[in-house]
Structure formats: structure tokens, C-alpha cells
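Below, chain A partners chain B and then partners chain C, in two separate complexes.
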Partner chain A sequence: MSAAAKRPFMRLALPYILSLPALLVCIGILIPFGTAVYYSMQRYNLAFPMGRGFIWFENYQAFLTDPAFWNTIRVSLLYTFLTVTFELLLGLGVALLLQRRTLMNNVLSIMLMLPLMIAPAIAALMWKLMTNPNFGILSYLVGLAGLEDFKWASDPGTALFTVVLVDVWVYTPFMMILLLAGLRALPRQPFEAAELDGVPSSFVFFRITLPMLTPYILTAVLFRMLESIQQFDIIYAMTQGGPGDTLMVFQVQAYLERYQYTNVGRSAALLMVLWAITFILSNIFVKQWLRLRERARGV
Partner chain B sequence: MGSDSGWKRVLRGVLLTIVALFFLFPIFWVFLMSFQTNETILRIPPSIVFEPTLQNYVALISGKLVSNAGVLEIAFMKNLGNSLILSVVSVALSLLLGVPAAYAFARFKFRLGEDIAFTLLSFRFAPPLLVLLPLALYFQSMGLIDTYFGLIWVYQLITLPLILWIVRGYFEDISEDIEYAYRVDGNSWLRTFLKISVPLARPGIAAAMLLAFIFAWNNFVFALILASADKQPVTVGALAFVTASGIQYGQIAASIVLSVTPTLLLALYAQRYLVEGLSLGAVKG
Partner chain C sequence: MHEKAKDLAQAVIRKEIGRREFLRRTGQLGLGAAASAHVLNMMQTKALAADFDWKKHEGTTVNLLMNKHPYMDAMIANLDNFKELTGMEVKYDVFPEDVYFDKVTAALSSGSTQYDAFMTGAYQTWQYGPAGWLTDLSEFISDPALTNPNYNWDDVLPNLRAATAWSGIPGAPLGGDGAKQWAIPWGFELNSVAYNKRIFDQLSMTPPENMDDMMEKAAQIQADVDGVYGIGVRGSRSWATIHPGFLSAYANFGQTDFTMEDGKLMAAMGTAESKEFHAKWVKMIQDSGPKDWSTYTWYQVGTDLGAGASGMIFDADILGYFMNGGGNAEAGNLAYSAFAANPQADAPTPNVWIWSLGLSQFSSQKEAAWAWMQWASGTEHGLFGARQMDFVNPVRQSVWDDADFQSRIAKSYSGYLEQYKASAPGSKIYFTPQPLFFNLTTEWAASLQKMVAGEVPVDEGLDQLVDSVNRQLRSVGL
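Here is the complex of A and B:
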């Protein structure tokens, strides 16, 4: 107490001094964000600097009648829905299989974490090798199964499936880790009581395990949705949004808009739409996460 | 729960084998491929019996790619070095800035603190390109584009929020009485922070540090936009290498192995910390 009491100024200023760097980073984010908002309301193409001007919401209005925009919305939502659904089902399944704390299960849960530690862009390259038509092991295997002409990511019909597969490979471990931690943190009494009463295991799963696990599932799903709707690395490294416009999700489309068509204004407007979606999602997520954290503390 | 009957145990074993195959086989296959020549890679049917060769790694490490078209200079090792510099320095800087700030957020209830914490958290989930596009134009006019300094600065957007949020939770768990007792003995605030609070929060700091390193190492889009070949990390470099080398598949596999080895080893070494960090301090399993 003594040192601080002698210098009341220090005591008041200390938290501000300590958090100054974090504040600077905040400003470092907010300034470009503000600029992006401003760009999104401009006619701004690097190839035509003379035409630059403030046009309010025209970029956004143009989206309403632009089929490419609606394609982006459709592909992004479909991608998010498919990846999160498969990752939840698979992650939950694996977590249930590994629930009991045996040596074997612990070793496996560590090994299964590895895909999550690989950079998504590099993971995409790995799967590109595996699906290479000349020597890829997966191309060879589907060939054996009779699908001679399966072209994976280079066929518009199977490109989405292939990229979702890579996403599932990379991110299912995240679901598994969170749900496994959740399962292992559940209180034991309800399960012991159910076993004593001879309650069938399907009833235990749907009426006890699943409801008690719901906060964990919600947190994990919201977090994955936030990342999945913004996916860039895997899709860019695998197909650059192609073939055609089959995989033009938000960030890939915005990247090409900026670097291929040099249209800064349109690119910024597209990213603002994505930001609005993630803003809503992240608010729900943060509330859910804080509630879960408090619960975990309370136990 | 309960005890399993025989067929249930068999089913569980079969399912776990399939799961392990799906998640681990790709890593294993690319690893094997990196020790093969293009001839053995292109063999049909594929076989795991082959004479291992180190020539892919030799080509990468010496920086000279020999193909039918001639000798090509490659900067892959430079990319690997860039990854190391960017990740290590970014994490070190974030620890230096983030741990005291996390302490301030945990201990002192002040308006600005909550605002900063929530701004950082909400932008943790914002589309990275949204911030990067204007930033690239700023950096160009400021001469920061394609510099380590500029990149490390931007990497703070990945590492600092992570460290802040995880470490903050650990500081909140430390009882204030312990700190107070030490202060009453006549120790300064700084001494208490360094001798009592930081050591007690060490598991949280370690978890945050490892996770921040892995996230920084695995980042792709920041350097794709803000750096040219000379400053690019492996994630971007490997993609460029694939395009440049064309059909040198063994070398592509070797480059992949080299770029994922650091994070995989780190994950195996420190898996307990990672589980804590990954669940965002939400679940202490």
C-alpha cells in the first residue's frame, strides 16, 4: 500500500499506462476499419483514378441486382452450413468415442489434434497432392472404386465437396477438443443414477448428455461459423475461387475484386457486408462464451 | 457409460481406426512422398515400398531446383527463416505488451479497459481483409510494405488479442490476498507483479504463447497482401513454390513437411497447454 499511497497519481494512471499498447493496437485496427467504410462509399478503381468520387451507398445498391453478389452469398452460406454441420457431427462422435480417460484415448486425442496445427493453406496443398490426377492416392482409390473420371477440386460438380472435405479435416479437431473437454467436465451423478435405474443408453444420450453439453456445442458452433463464413486460405490455395465462380466466397471474391479488377470501392463494400454478418454472430458468440466461462468458474 | 459388451468394444475400435486413418493418413502420406523421387511417386499402383532419398530436401536446403528445364533458384529456406523471425518476434513483442495489459484488465476495473478488451475481442472475428486492404494502401505510402517491421506490427493483430484474453483469465483467478500480503511487506507494485502474479499465471502465459506462435506461423493472408517474395513466410512461399516448381512433386512434399514440422512438434510437446488455450479458457478440462 505504502508506495502507491504516496503517489496517488501513479495509482490512478497505472492501469492506463499498462493498457496503452493494447489501446494503440485498437486504434491500429479502428483507423483502417474507418477507412474501409469510407472506401466502400466511393467509386474507387485504381485503374481509373480520375473517376474516384464519393457515391454514398451506390456500391451496396449495385449488389442488389448483381448475380455475382448473390452467388457469393449463396456459396458462403452453403460452405458454412456444410462445414459446421459435418464438423459438429464428426467432432461430437469422436469426442464421445474418446470420452473415457484411458491411456489409449488420451494418446489418440493428442494425435487427432495435429491437423489443426497445420496451416490451412498448407493443408490445402497436401490435399491437392492427394487428389492429383496423376499420382494422388485419393484419385487412385476412387479410380479403383470405379469412379474413373473424378476430378475433385477442378470439376465444378465436386469442387465444393472437395474443399469442404479439407475444411472438415483441418477444423474437426477443434470441435472435438472443445466437446471432449465439455464431456469430461460434466457432473457424474446424473449418469450414475441413470445406470442404477437401468435407463437405456440412447435415452441417457438424448435426455442427459446432449442437454448438458448444449452450452459447449453452442460455443463451438458459433466460433466455427464465424471462421467458416470468412474462409479464405483453404479455398484460395486450392482453387482461387474456381472453377468458374463455384467457390467465390466473400473474402476470395473481395480479394480478386481488389487485386485482379483493382476495384477498391466494390471490394470494401463486399467486405462490409461480410463484417455486418460476423458482427452479429460474434456478439452472440461472446455472450455465449462469457456465460460458459462463468459457469466453468462457478463449478 | 457402464461396462461395454464385446461387440460394442469391437465397434468402438473399428470406428476409432477409421477416424485415426482419416486424420493422420494425409500427414503420413505426404511425409513418405517427400522421400521419393518423381519416378517412384508417379508409379502405378502406388506402393509404400521404395528406396528413400534425401534429394528433395537437399534441393530445398541448397536452394537449387534441378529439373529438365534447367536449374531454378528457390527461396524456400529464406521463407522458412522469415516464418521464424515473424512468429518469434511477434509473440515476444505481444508478451511484452500484452501481459501487463492483461494484468491491468484483470485487476483494475476501469472503463477504458473494458472498452479496449471488447474492441479487441470483436475485431478478433472481423474479416482480416477488411483491415488489410486499407492498411496495404497506407503501408505503401509510409514505406512499410514488405518490411519485417510493418509485418510484425500487423501480426500484433493476431497475437496480442489472443495473449490478452487468455492471460487475463489466469490473472483473474489469482487471489488478490496473496498479492496484498506481499505488498504489505513493503514491496513495490512492480516487484509484486513480477515476483508473485506473473509466476502464478505462468501456465496461462505458456498456453497463450504457444497458441500465438502457432497462429502467427500458420497465418497466410497477412503476408500474401503485405509482403513480396523476399519477406514471405512459408505459408505463402510454399504456394508460390508449387506454382514455380510445376511437377517436382517430391520437392513440394518436402517443402510441406518442412513448413509443418515446427508447429506439429510444438503441439506434441505442449499438448496440455494447447487444449487449455484452444478452448479459450472457457473450459478447464
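Here is the complex of A and C:
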């Protein structure tokens, strides 16, 4: 075949060849996803190999009347809301404090990143020791403050507070570093103009800083929200989802179903519900983020 | 001198002299106790080779999945003898117990050929067996071409042999008709009381004799000894919270987890007697248990006793055994007592946990793996582990009868043998075998947590548990 004849073929094939790696990655993601969807529609418990069969949406239907499932939804959403809210407020506060580029601020911002470098499961075990009622330093300190019998993660009344505290300790630096980067990237002109006009700082914060920072906030919140709703390691390491069902979030329940109860179908169905929730939430956030970007461009 | 020691070891094997005489004579030869024991062990291993073709799988590498445990340590300490005996290699991956069973489930459910044999509990075989992940070992045990003539399967305690065999029919008795031998018992634990003798002496107390007495004594320790809580029992959200002291005491009141009605399993935790027992157990933890009880695994229960943070525990007997040595603050102060919760009961009814060895159905070299399994669960290794390591409690009667083992235990672990002798006759697995064991027993533990936390009254909590358990059983057709 002549070179001239080859050229149109290459021209036609080139886009497909170039997109092949992306296609392979997509397939790599979609195969396990498709498998999970398939399993979620099966009665599939490894301990009952003879009972395996396709049951369409029965696993999902069973959730509707299962109080444990609704408890999982409630705990997962509450945990996500609390962790993301506290991390946003603290992260934003710290980022504002460190906004100015000074040597001290630069050193502090690096130091504050340290919790993020610890594996969450290790952080959870560390906190488990610190909150041990017999010898934990935090138990001792709250004891000095008059809370003699504070049981931290081992009491249903304080368990959620305890794991949220650990999550906030680990992940606030993540929020802080994203928002700090955003703050430092904001254009200076609006702030200089406001300063010249003598605009009060609260007005500057609420009317200039916060609106301009919103895309960064949305990005940071989206990342944290996606991770927080899929929380596993901190909760599993500290309480295995207990006491009772107090901290039975999606991932912990799905893990127990799969690895301890060998109920593959139910575990997959739980994970599909979790996927649907994260998909809906991230869609809302991404659309909001795109809308803000369009507005910033003046479209 | 070494040759003379070998001759003496041969004399022990021929039963011409006893082990003590052997040690005395090797001592005269200038050999220390450890070196003498090593020579004897080596010669016993060689003697094993005389009647069986141990070299059949020479050059083969067996891959093991193991839990970090003193039984595993004993096996590693003696492994060179196995390699010398068989010419085989052994590779092993060791995981801490927190993640061990999940690792086993992942490896087996994937059908992986990575591991040939692994440590398992008897309860786990109720899941692994019906799933088709385990090899029925009866065929291996009964085949003289595969099993050495000195293996002496009947020497393994009958309750343990039965406990690791099951037909796969939910509710059918362990070791009953059609049972398959899913695993080989390796080491086991009964549940009894281990207590801090120093604290008990200080309070002029004797070990508890029944449930009410235990509650009173635990409360007294809590009130009178500063910084020490009354009693350690497990409390984490896991099936492992139910199986030790809790189920042993529950069974002592004649209570069961399930009954069979019209061929269907029915949850049996809702009886008046069960509710009364649960109420007592819950009150005992509330009054005298550790503050963070709901996170307590065997590890915290044991270390608290060893550190002097608790007055007593009602848990695995070997936990008290392990804590009475090493660098524990209370080493030497711990004592043991068999325990019958019900004052009307004739004897204790300890539920049993059995560390066992399973053979993967997906192994591509089952016979080679079986060679390792029969060596690891054989008499010679059992004696080595019991005499020189912490391979306790031994599963073989011959090891229990060994004078050296008995004198070692009697010397360093006062009251342990007496506790064992009183507990053993009534000991067995008191759970009903069924494949949903882990779901349902974990849910039982979660209910107990709710009751202890005061989230739900005992009566109501048990009624809810019964409803939930029955619903789950029906959903899988049981």
C-alpha cells in the first residue's frame, strides 16, 4: 500500500489511538463497578453456595424495611455533615490566620500538615490510647475539668463526638492547605481598593473574600465529603461500628457483610447505595462549582 | 559426648529410660537442660522417619497462612526438625488476629492457591466448610499411605475431634452423622476464672463460686481497691465477645442460642431464664467492669489482669496462663479457678475455642501440606511445645499425661491443672453450628453493648434480638 493511501487511515485512526489509554482506564474502572452492580442483584452468600441466584432488586427492597440500613444512612450522613462542617470552619480559620507570607506562617503551615501524613488507622489507634479511661492523657485532662467518667468512643452518647474529633484532627490540615492556596491566589486589587475606601474587615470577608474563595471551598468540601461519607479506618479501628450500632457507617457495614458474614450480594448492594449517594452529592457540588465559574467569567 | 547423648535419647524413645533419667544422665555428661532437650527432640524426629516415608515430598515448599500466636511461635521454634525430617521447605505469612480472619476469608473466597494450609477456629469452619473452601481431612487421616502410623488420631481429645467435624446441616450436632473433619485441633482454651491472688488475699476473698458471688466479689474489688476494677470480660462489637465467659456462664444455666422447632432454627435468647442471666451479666459490667468495656477484646482483658488493673477475668484459661509470666507486673500473682455460674449446676460448662489447622481446597499440593499438618499436630511436636514453649492447652491426652509438662505447669502456674481438670469434663462448643454464626453472634454482642450502655432495657433488647435473628434465619431458608 502506498504512503499516500496510508495517511487518511492514520488520520482517521489517530484520535482513537490517542484515546485508547483513557478507554483502558475506563474499562479498568467499569469492570469492577459492573461486577458490583451484578453481585448486588444476586442472592450471593459464600456460605450458601447452592442458594446463589439472580434476584434483581430484592437486596435493595430489603433495605427499605431494614431499620439497620436507615440507621446506616443516618449515621453516615451525620458523620459527613459534622466532620466536613468542623473541618471547613477550622481549616478556613487557620488558613486566614496563615494567609500572610511570613517565615513563621510558612513553618506553621508545614507543621500543621503533620496529622495528614499519619495513616488514619494509626491516628485512630493513637487516639484510642489517648482516650483510654485508665491511662489516657485526654481522659486525665477531662478528669481535671470535672468530667471524671467520660467514656469517649465506648459510650453511645460520646462515640460520634470522639470519632468526629479524630477525623477533624487528621483532615483539617487538608482543608486548611487547599483554602490557604486559594486565599493566596486571590487577586489583590479588590482588597487594595477596599482598604483605600476604608471598608470594614467583616464586610471585606463576607462580601469579597468569601465569594471569591467559594470555588476553592466547594472543591475542598467536595473532596472531604466524598472521603468522609466513605469513612472506614478511623471508625473500624476505634469501635468496629459500635457501641451497638452507633457508628455503623456504610463502609464498615459493607466490610462486615463481605469479610465476616460472607454476604457478597448485600455488601455490594450497600456499596451501590453509597455510590448513588456520593454520585448525587458530587453532582450537586460540581454543578454549583461550574455555575460559580461561569459567573466569575461573566457569562 | 554428643554421641552418648544420642544413645541415651534412643533409650528414651525405646522407653528403656524416662525423660528425667535422660536429663540426669546427660547432665552428668556436661550437657545443659536445653541442649539435652534439643538432642532428644532431634532424635525423636528421626525416629518418626523410621515408619513412614516422610521424604515423599522432598523439595516441595508448603505455604502457610498463620495467626501471630504462641502456637505459631512454638511451631517456628521446632520447624528445622520438620525440614530435616521431610526435606521440605515451609513458607508462612503471619498476621495479627485483628485482621487474620478477614485475610483468610479473602484468600479462600478468591479460590487462591497461594496458601496450602492455615490456622482457623472451629466456628470458622461452619462458614468455610459449606462454602467448599476446606478439604475433608477424614480421607487423609484414614489413609495409611498419607498418614504416619504413629499419628494416633484417637489421642486427640474426643470433644475437640468432634468440635472440628460437622455435616454442614444447620443445627446438626458437631461430630454427628455425616460429619466431615474440616480441621485438625491444634491448641485450645477453656473459659474459667483467673484472678489476682495478691488482691484476693488483701481482701481475704476466695475465688467466686457462682454468678451472684462473682458479681459481689467484683463489686467489692471495685469499691475497695484503688485504681483496680472488679472483673475483666470482653465487650467489643464482635462475636468474640459472646464465646468466652459469657456463653460459658449462659450455658451453665441450661440456656442455648437456638432451638429446633419443626426443622427450623429458632433464636432462644428470649426465655425468662436468659433474660435474668443477661440482666445479671449487664449489671456486673456496669458495676464492676472496665470503663471502656465496649472496646475490650481478649487482648485488653488479658493485659489488664497482667498489669494489675483488674481483680479477675472470666475468659480463656490460657489468657491467665500467658499473663502469669514474661514482663507482666503481676507475673507470679495470678491463680486459676474453675467456675460454674449456676449454683445448681453440677460442674462448669466452659465453651471451647479451638485453634485448628485447615487444608485449603484450592491447594495444589494437598498431600505435602498434610505432611506438615500431621507433623505440626503430632505427639512429638505437641510434647516439644508443651514442655519448652507455650503450646498450651495441648490437644492430645498423651501430652496432658506427660510428667514433665505436668510438673512444669504445677511449678509455675499454681492451680492451673486443677482448674483444667474441673473444667474439662463439661467443656465443649455450646454454640449451635450454623453458617450465619458470625452475623448473628456479632448482633448478639451489639445488643449486649446497647443493654450495658442503657440504650435499651434487657427484656426489650433480647426481644428485638430474637426477632432480628429469626428474620435473618428465615431469609436464608433456615
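By definition in this document, the second predicted complex is superposed on the first by the 250 of 299 C-alpha atoms of A that agree within 3 Å, B and C clash if a C-alpha of one lies under 4 Å from a C-alpha of the other, contacts with A are read in each partner's own complex, and residues count from 1 in each chain.
The criterion applied here is as follows: contacts are C-beta pairs under 8 Å (C-beta built on N, C-alpha and C of every residue); 3 or more make two chains touch, one makes a residue touch a chain.
Quick caveat: nothing in here was measured; it's all calculated off a predicted structure.
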| item | value |
| --- | --- |
| Chain B versus chain C as contact partner of A:Pro32, first or second or both or neither | first |
| Partner chain(s) touched by A:Ser154 [first = chain B, second = chain C, both, neither] | second |
| Which of chain B and chain C A:Gln253 touches, first, second, both or neither | neither |
| Partner chain in contact with A:Leu274 - chain B first, chain C second, else both or neither | first |
| Which partner reaches more residues of chain A (counting touched residues only), chain B or chain C | B |
| Contacts of A:Asn134 with chain B and chain C, given as first, second, both or neither | both |
| Which of chain B and chain C A:Gly242 touches, first, second, both or neither | second |
| Chain B versus chain C as contact partner of A:Ser228, first or second or both or neither | neither |
| Touched partner set for A:Thr162, first chain B, second chain C, both or neither | neither |
| A:Tyr261 touches, of chain B and chain C: first, second, both or neither? | second |
| Shared contact residues on chain A - chain B and chain C | 128, 132, 134 |
| Interface residues, chain A side, partner chain C - complex | 45-49, 51, 62, 128, 132-134, 149, 151-157, 238-245, 256, 259-263 |
| Touching residues (chain side chain C, partner chain A) in the complex | 101-102, 105-106, 109, 126-127, 130-132, 236-238, 290-295, 304, 309, 435-436, 438-439, 442, 446-447, 449-450, 452-453, 455, 475-477 |
| Chain A partner contacts - residues on chain B that touch it in the complex | 1-2, 12, 15-16, 19-20, 22-24, 26-27, 29-30, 33, 41-46, 97-98, 100-101, 103-105, 107-108, 110, 112-113, 116-135, 137-138, 153, 156-157, 160-161, 164, 169, 173, 183-184, 186, 188-189, 214, 217-221, 224, 234-236, 238-239, 242, 249, 252-253, 256, 259-260, 263-264, 266-268, 271, 274-275, 278-285 |
| Residues of chain A defined as touching chain B within the complex | 1-4, 14-16, 18-23, 25-26, 28-30, 32-33, 35-36, 39, 90, 93-94, 97-98, 100, 108, 110-122, 125-130, 132, 134-135, 137, 140, 169, 172-174, 177-178, 180-182, 184-185, 191, 195, 201, 216, 219, 223, 226, 230, 232-233, 236-237, 250-251, 254-255, 258, 264, 267-268, 271-272, 274-275, 278-279, 281-283, 285-286, 289, 292-293, 296-297 |
